[in-house]
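Next up, some structures in structure tokens.
Two complexes are shown next, each including chain A; its partner changes from chain B in the first to chain C in the second.
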Partner chain A sequence: METNRRDFVKTFSAMAAAGMFVSGMPWLKDLYAQDGLKTVKLGIIGPGSRGMLLLEHLKALPGLEISCYCDDYEPHFERAGQYLGPDAKGYRDYRDMLEKEQMDGVVIAVPLHMHREITVAALDAGLHVFCEKAMAQTYEDCNEMVKARERNNKILYVGHQRIFNTRILQALKEIEDGDIGEVTQMRAYWHRNSDWRRPVPSPELERKINWRMYHEYSLGLMTELATHHLQVINWVLKDKPDYVMGSGGINYWKDGREVFDNVNLVYHYPSGTHVIYDSLISNKKYGMEIQAMGPKGTIEIETGYRYSEQPPPAPGIIQLINNLEHNIFDAIPIGGASWVPEDPSTDKGTYLLDKMLKTDGTDVQMASFVADVRNNRIDPWLTQQGFYAGIATIMGFEAMMNHRIENWPEGLAI
Partner chain B sequence: MEAQHRHLQSMGTRLDMVFPGISASKCDQLLEQVQFELNRLDLMLSLYRSDSDLSILNGTAHAGTMEVDQELFSILQEVRRLHKESGGYFDITMKPVFDFYTGNPGEDQELPDAIRRKVGMDLLVLDQTGISLAEKGVVLDLGGYGKGYAVKRLVSIFEASAIESALISFGESLIYGLGTHPFGDSWKVSVPVGDSQGAVVFNLKNEALSTSGNSLNNQKKFGDSGHIVNPITLELTSRLGLVSVKAKDPVRAEVFSTALFSAGPERSGEISQGLSDVECKWV
Partner chain C sequence: MFRDTTITAIVKRRELIIFGVCFLGAYLMNVIGIIQNHSPAKELITQLHVVLLVSGVFYGVVILLRVLYHLISRLWVRK
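Our next item is the complex of A and B:
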């Protein structure tokens, strides 16, 4: 991890020096300043699998103390205690922790249905908050979290790590520079092939462990996967959707789950641009991707490729230029019928970045959160990204559940 | 030797130009002239622009004689001559037929009489006062002519700029060799033969080479319907193969490659015997 972080700093510095980032990304400054660090004290609530990953990234940062942790599931409580050591104090009730601990902020990685309650309580306790994505389960919950941030004037990050991924930053820059022209359509998908279940030690723990399967706790594929892509799409289109239509269902994993195992949506943006999104967990051939398409080209944001609408020169032309440069006179293979059917382009594309870093942005995001807490640097834009992605996510869910066109809820904006 | 290469998108395909031994700035000046000329032709000949001269003509000339720009008038005069020279196999009114078949792929449908009435070069009426179309719905489509005309115009521009050597490729199907390769006595290009590794080599010196046909690759994917309308039978030409036509005039190379492909190997031999400036080869 340390190596990755150094790699990032090096590459990031080179890219920043070359002016490679989109303008107006203040959160990407001074992430790893080493001099005269003031120690930041954080607690973590919900050190489950995602929470432990966040802890690993946090522990790699200088000038940071994880002073306490909280979990009401015993195996996770014990694991976190062992990982953090005796200096960190453990709690089984987050309210106790917020009341008794003196700290600068908390990292919240609990199941979705608890995001609002714990985030609002932490903000009202005067703490900066990092809350895992998706923001919350309902429009009202998302809005309450925003209001709590505003009334306490604290930092609120939602865990959309793609904002901190260099490959995605480069894609955004090229799109903003007009390299593919105006974005006229976006398509995104996230496909897996697994039941998405976790092993349960005893039956009464089913809903606690597999909370993602049940509507009481989760909106399923929408809040677990789609929300990431919707954040990036809002970012690319510099807007939020005004309505969405869609359909979802359970057609393969008929194992008692309540959430859809396939979701299919069309989002409409005020510019007239549409986003076509689908996700399923019964086939993984196409994996995941976010495609931004314009009259000049296409950028595949997740895999980091760009494609031009103008085909590359024929091999014969390349050969001719090469021959001329080497003073060679020879036949070049170039003549042929020009008509081609409208089948997909065979252009293999080019990489957005020469060097692909082994990070999805989560480590940078944690570094950014800690640096912002240290400097009391509040960026409402980051909260807005989480908020708008959260609302768009819930809109998709509501459209599918109610078989109706779901409009952006009136009055919800930052 | 250094060579300059420029490309741009025009007439629905890619135009590549290679200039040996000239400076980049000279080449960029030429490119500006090329872009200007292609835009001008687009405004006159494109069916993708509703404001082009040809689109306006198609939309209104059935209602009465229309005066057009002298250049477009001359083009349509030439088109009529080429129609006769090709034994009727070059016909710029075939778009409704093409649209019917490609809009109903794989269906064994009879071409409706309503479409048959809208095709045929006799529906294009030229007289001293202008141009008229004898039926509403006739569509003049210069797609099989335009690239040749554009190349002819570009060659004039290059010659006026004292360019002695260049190779132009318009979508790979129309190649023009201006002057000679700097280390040879012509420009040498090869057309691949079917699925094999073989190729037919052509030497071009101030000459154009145009290739038309159905490739095996396309036929594998799309069955045997083809994409070129035979104006005599009003069917798509399903034959597999390519025909390459070499001529001094890129317009004639372009027009006769399509027409002779429709006519087929036997009939094309008869037609090309009467064309002293055109060399035709089935590959």
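Our next item is the complex of A and C:
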């Protein structure tokens, strides 16, 4: 992890030296100097699978103490206790923890339906907060979280780690520089081939462990996957969608779940750009991608490739040979003089970054959160990214559930 | 079955001249290609590997034609 952070800083330094982005990202600077500074004390609420991953990244950071943890599920409680050691105090109720512990901030990695309640309580207790994505389950919950942050003037991170991924930063830089021209369409998809279930030790724990399957706790593929892509898309387009239409359903995993196993949406942005998004969990041939398309090229943000619409021409002699070959061997076109085959662009693409870092940004994000807590530096832009992604996520869900065009809720803005 | 053979200086010279002509033809193609397609002049040098390849193809075609000519001539003489 430390190596990744150093790699990140090195890569970022090279980018900064090359005149690339971005004055608006102060969180990057502090990643240089964390040693020898005052110790930050954090607690964690919800050390489940994601929570443990966050803990691993946090434990690798210098100048940080995880002083307490909280979980009401016994196996997770015990595991966190073993991992953190006897110095960390365990709680089964987050309210006890917030009341009794003296700390600087809290990391929240609980199921979605509890984000609002715990985040607001933590902010009102005077703590800085890192809350996993998606922001919350309803528009009102998202808004309450933002208001609580503003009321208490504290840090609120939402766990969109792509903000801290150098490959994505580079993609944004190239898009901002106009390398692909104006972005006229974006496409994103996230495909898996699995039932998305976790093993349940006894039937009464089904809803507690597989909470992602039920509307009471989750909006399914939208809040678990799509929200990441919607954050990047909002970031690329520097805006939020004004409306969305879509359709979803359960067409394969008919196993009692309530959330859709496939979602299909079209978002409209004020610039006129459309975003076509789909996600499913019954086929993974195409994996996941975010494509930004313009008249001059395409950037595939997740895999880190750029493609030109006008790749450099072949050498003259090769073109001459190709022309001779076409003149001799090509069939006579039968579709009329105006017909041309709809062949895709032939550019094989080039990497956005020569060196592909292994990190997805989560480790850097945690380092950034700790640095911000240490320096009491509040960046509303980061909260805004989580907020707008959260609202766009819920809009997509509402559009599919209610079979209607869902508009951006009036008055929701930072 | 395997006899020692000798390639005479005349044959070597002739083959070199034929290959030279093929190379010139290929190089001329490079020049035409550059002019027709408005390619950069540096391709006069940077595409020499392609020119050599095309020269080889031309030379192969010439060999094929010569073998055919030789075979047809022999048939003609027999008749």
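In this text, the second predicted complex is superposed on the first by the 382 of 414 C-alpha atoms of A that agree within 3 Å, B and C clash if a C-alpha of one lies under 4 Å from a C-alpha of the other, contacts with A are read in each partner's own complex, and residues count from 1 in each chain.
Operating definition for what follows: a residue touches a chain if its C-beta (ideal position, glycine included) is under 8 Å from a C-beta of that chain, and two chains touch if they have at least 3 such contacts.
This one's a predicted model, so the numbers in the text were calculated from it and none came from an experiment.
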Of the two partners chain B and chain C, which one touches more residues belonging to chain A?
B
Taking the superposition as given, does A:Pro315 touch the first partner, chain B, the second, chain C, both, or neither?
second
Name the contact category of A:Val200: first (chain B only), second (chain C only), both, or neither.
neither
Across the two complexes, what residues of chain A are contacted by chain B and by chain C?
313, 316-317, 320-321
Using the touch rule from the top, collect the residues of chain A that touch chain B in their complex.
309-311, 313-314, 316-317, 320-321, 324-325, 327-341, 343
Within the complex, chain A is touched by chain C residues 29-30, 32-37, 39, 43, 46-47, 50-51, 54
In their shared complex, chain C is touched by residues of chain A numbered 313, 315-321
Sort out for me which residues of chain B touch chain A in the complex.
1-3, 5, 7, 9, 13-14, 16, 18, 20, 167, 169-175, 181-184, 188-192, 199, 201-202, 209, 211-215, 218, 221-222, 227-228, 242, 244
